[in-house]
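Have a look at this one.
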Amino acid sequence: MTTTFNKRLLIVWLILTSMTLAYVWIDHTADQNGTLRASTVVTVSAIVIALIKVRIIFREFMEVRHAPPLLCRLTDAWVVLIAVCLLGSYFVGSSIAG
Amino acid sequence: MTNLADSRPQVKEKPAKFVPGQPDMWMFVLFESLLFTGYFSVYLVSRTQNEQLYLQSQADLDLRIGIFNTIALLLSSLTIARCVKASRAGNYRSALTNAFLTIFFGVVFLVSKILEWVKEIRLGNTFTSNEFFQHYFFLTSIHCIHVLIGFVVLGVVVYQLKSPARRSQQLVETGATYWHTVDFLWVLIFALLYVVR
Amino acid sequence: MPDPPAGSRVSRLVWNFRHHPKRELWFAWWVMVIFYNLYGVLFFFVTHVQPPPSPAWDTPTVVRWFDDNGHGILVGFSVVFLVAGMCAPMNALLAYSMRRMSVSRVFAYSYLIIYSLAAVPGMLVMAIAMTVAALRPDRDPQLIHWLYDFAFLSFSGTMGVFMIGSLVWLVAVLLDKNRVFPKWFGYLSLCNALTEVVVAPAWIFQRGAFAWNGAIAWWINMVVFVLYTCVFIVLLRKMIEREDFGTGPLPDLLGKRAAVQSDSVEAVR
Amino acid sequence: MRQRDGELILFWTLPVVAIIWVSAFLLFPGFLHPMSPTMSAEEVAAFYRDDTARIRYSMILFNWFGVGLIPVVMLLAMQIRRMAHRTPIVSYSLIACAGGPPTLFLVANMFWLLGAFRPERAPELTQLLNDLAWLTFTILVPYLIAQCLLLALAIYWDRQDQPVFKPWVAHFNLLIAAALAPAAFTALASTGPLAWDGLLSFWVKNVAIFVWIIVMGIALGQTIRQQRAQNLVAA
C-alpha cells in the first residue's frame, strides 16, 4: 500500500523535476550569444509551465486528488485565476509600454 | 466518520473524500497565493515598462542556481508528502525520518539562497541597485521568511510525530499543506525571476 | 437574562446600555466600529493623507500640497487628538478575546500593552508632525519637507508593534481550545503580520512599488489590512454574541430557527 | 484575596509628585506667561538663549517625574476591578490609557530640552522644536479624556449597595473630560482662547488636570481606607 503511494509520489517528483529542467532548454533557445532578448513565447511558456507544476503540486503532493470536489474546483479556479492575473498583467503592461 | 464510511460498500474501492489538514489552512493557502499573485502582477507590469533594464539585470542571475533551489524544494515537498503518507499508515519512524529530510532540504534551499544573495551582492547587485533587483530581493526574501516560518511549522510536525501521546494526523497534514505552499510559491517565483523574458 | 421593557427604541437602547449583561463588551465593540469609521473618514477624506502622496515630490510640490490640504489637516487631526483615546476600549476588547481563550493571561496583557503603545508612533506622531507642518505655511520649505517625511515614515514605518501584536494573537488563536475564533483567523493574522515586513522598504525607496505610496508597500498592504480589520470586527461580534461568561469552550450561536424548533419540541412534550 | 500591601505607599507618592510638578511648572519660564504661537522665530530663539538654565532644570525635573501619575491610574484600574462588572474591559481600557499621556509628555519634554541644548542654532530650527514641543504638550489630552470618560462609565455601571466610588465622582470626571476637550483643537487658532497659550487650551486644560489629581486623590484615598477597614473587619 505505502510502496505504491511512494512510487506514485516519486514519479510525480520526476515529472516536476524534468519540467524544471525544461527551463534550461527554453533558456538556451531564447538567448543568443549570452545576450538576453525579450520574448513573449518564452514568457508565456514559462508562466504556463510553472502553473502546470503548481497544479500538479496541488493535485498530487497536497492530495487535492482525494479531496471533496469543492476543494478540487477551488484550487483549479485558483490556478486559472493566477494565470489570468499573470498573463493579463504581462499583456496589458506590454500594450501600455507599446 | 469511520462508522459512516463503513456503512457504504463502495468506500472500499475509493478512499473517502477528505480535506487534507485543517480546512482553515487551505484558506490561508488560497489567500496567500492571491497576495503573491498581486506581487507578481506588479513585478510583471513594471517589467514590461522597462524591459531592457530587466533583461540586462537578469543576465546576472544564474539559472543553474535557480534550478538547484527548485529541485531542493521539490525534494522537500516529496519527503513531506511521504511523511504524511507514512504517518497515516501508522509508520511513525519513517514519518519522522521524512520530516527530518524535509528540514534538511529546506536548509539546503536556504543556504543556497543565501550564497546566491552573497554572490549577487559581490557583483554589485543590491536591493537598491535597480528595479529588477528590488523585485528580486523582495520576492526571494519574503519567500525565505515563509521558509523560516515553515521550519517552525515542521517543528510542530516533528513534535506531533515524536510522542505517541500526540500524533495528530490533522496537524501533520496542516503542516505539510503549508510546506507545499512554500514550494509552489517558489516554483512561480523561479519562473518569473529567472526564466521570463 | 431579563428582557428590556417594551417601549421606544431610545428607551430600549438606554435600558440595554445600563442593564444588558454584555453591556461592557458591546460598548467596546461599538467604540471599535465608530473608531475605524472615523479613522477612515478622517484619514481619507478630511486630511487627505491617505492614499498617501508621493515621497518622490520635490520641496515646492510638498509645500503646495500643504497649502492645498492645510486646513483639512488641521481640522482632521484636531479630531484625531480628541478621539484617539477610543483605541483603549478597542484594544481592551481584543485583549479580552484572548483572555477568554484557553491560553495564559500573558497573551492578553502583552497584546494590550503592545497595541496601546502602537498608537503613539503609528498614529499620533504623524498627526503631530502633519499639524506642525500645516501650522506655519511660511516656514522654511526644507523644514516642511522634513516634517512631511517624518509624518509618512512614522505612520507607514511603525512595523514591529503591529507585527509582534498580530503574532501574539496568532499564537493565542492557534493554541486556543475554547473555539473563540476559527483557526483560519489565526492564519490571516500571519498575513497581516507579514504586511509589516513588506512595508519595510518604504524606509529605503523614494519611488516605485516599494515606496510608502507604492503598489506593493501601500495598496496590497492596505487591502490585507482592511480585510483583516473587517474580519476581526465581525468575529468579535460573533464572540460577544456567543459569550457565556464561563471559562470553557464558547457555545455555538443558536440560530433563530433552532431556537424556535427547540421551543416547539418543548411545547409538544 | 489579592495582596494589597504597598498600595498606600503608591498612593502617598501622589502629593509628592503633585508638588514636584507644580514646582517644575513654576520653574519653567514659558508656563506662567505661556509662550504665544505668534512669536517670531527670533523671539523664540531669544527665549531659549536667555532662559536656558531654567528651561533645562525644570524640564529635567519633569523628565524624572513625568510618569509619576501611572501608579495612581493603576490604583484606579484596580478599584474598577472591584466594581460590579462582568468583564475586566473597563480596567483593561484604563491600563491601555495609562501609558499614553506620559509618553506624549516625554516627547514634548525632549523637544524642549533639545531646544535648550544648542540655543545658538538657526532660529527656524529652534522654532520648529518649540512648535513640536508646545503642540505635543497641548494635545496630550486624548488619553486623559478617555480615562475620565471610562472612569465615569465604570462608576455608572457599578450597581451595588456599596459602590466603590460615589456617583459624584463620575459626574466630576465628565466635567473634567469636557474641560480637557478644547485643547485638542489648539492648532486651529494662533490667538484667542484656543491657541496653545489661550484660556481654554492652556489654563483650563492644565487647571483641570491639577484639580483632577487633587479630587481623584481624595476620592481614591477614601476608597482605599474604607477597603482596608473592611478587610480588617473581615479578617
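Order as written gives the chain letters A, B, C and D; numbering starts at 1 within each chain.
By our rule, contacts are C-beta pairs under 8 Å (C-beta built on N, C-alpha and C of every residue); 3 or more make two chains touch, one makes a residue touch a chain.
Just so it is clear, the structure is predicted and the values come from calculations on it, not from any experiment.
Novice: When the centre of a chain is set as the mean of its C-alpha atoms, what distance in Å lies between subunit A and subunit D?
Specialist: 61
Novice: I'd like to verify one number: the distance from the centre of subunit B to the centre of subunit D, where each centre is the average of its C-alpha atoms, in whole angstrom.
Specialist: Each chain reduced to its C-alpha mean, subunit B and subunit D end up 52 Å apart.
Novice: CA centre of subunit B versus CA centre of subunit C: separation in Å?
Specialist: 31
Novice: In whole angstrom, how far does the Cα centroid of subunit A sit from the Cα centroid of subunit C?
Specialist: So the centroids are 38 Å from each other.
Novice: Two or more other chains touching the same residue: where does that happen in subunit C?
Specialist: Not one residue of subunit C touches more than one other chain, so the list is empty.
Novice: Tell me, which residues of subunit B touch at least two other chains?
Specialist: 38, 42, 46
Novice: Residues touching two or more other chains, restricted to subunit A: which are they?
Specialist: Within subunit A, no residue contacts more than one other chain.
Novice: Are the chains arranged, by touching, as a line, ring, star, complete graph, or other?
Specialist: Chain contacts: open path, no cycle.
Novice: Quick one: which chain pairs are touching?
Specialist: Applying the touch rule to all chain pairs gives A-B, B-C, C-D.
Novice: Under the definition above, what is the set of subunit B residues touching subunit C in their complex?
Specialist: Contact set of subunit B toward subunit C: 22-25, 27-28, 31-32, 35, 38-39, 42-43, 46, 127-128, 131, 134-135, 138, 142, 145, 149.
Novice: Using the touch definition up top, name the residues of subunit C that touch subunit D in the complex.
Specialist: 18, 21-25, 27-28, 74-75, 77-79, 81-89, 91-93, 95-96, 99, 108, 112-113, 115-117, 119-120, 124-125, 127-129, 131-132, 134-136, 139-140, 143, 147, 245
Novice: Subunit C touches which residues of subunit D in the complex?
Specialist: Residue list for subunit D touching subunit C: 37, 85-90, 92-97, 99-100, 103-104, 107, 124-125, 127-128, 131-132, 135-136, 139, 141-147, 149-150, 153, 156-157, 181, 184-188, 190.
Novice: Tell me, which parts of subunit A touch subunit B in their complex?
Specialist: Subunit A residues touching subunit B: 1-2, 5-6, 9-10, 12-13, 16-17, 20-21, 23-24, 26-27, 30, 34-39, 42-43, 46-47, 49-51, 53-54, 57-58, 60-64, 66-69, 71, 74-75, 78, 81-82, 85-86, 88-90, 92-94, 96-97.
Novice: Residue numbers of subunit C touching subunit B in their complex, please.
Specialist: Of all residues in subunit C, those touching subunit B are 182-184, 186-188, 190-191, 194, 197-198, 201, 204-205, 208-210, 215-216, 220, 223-224.
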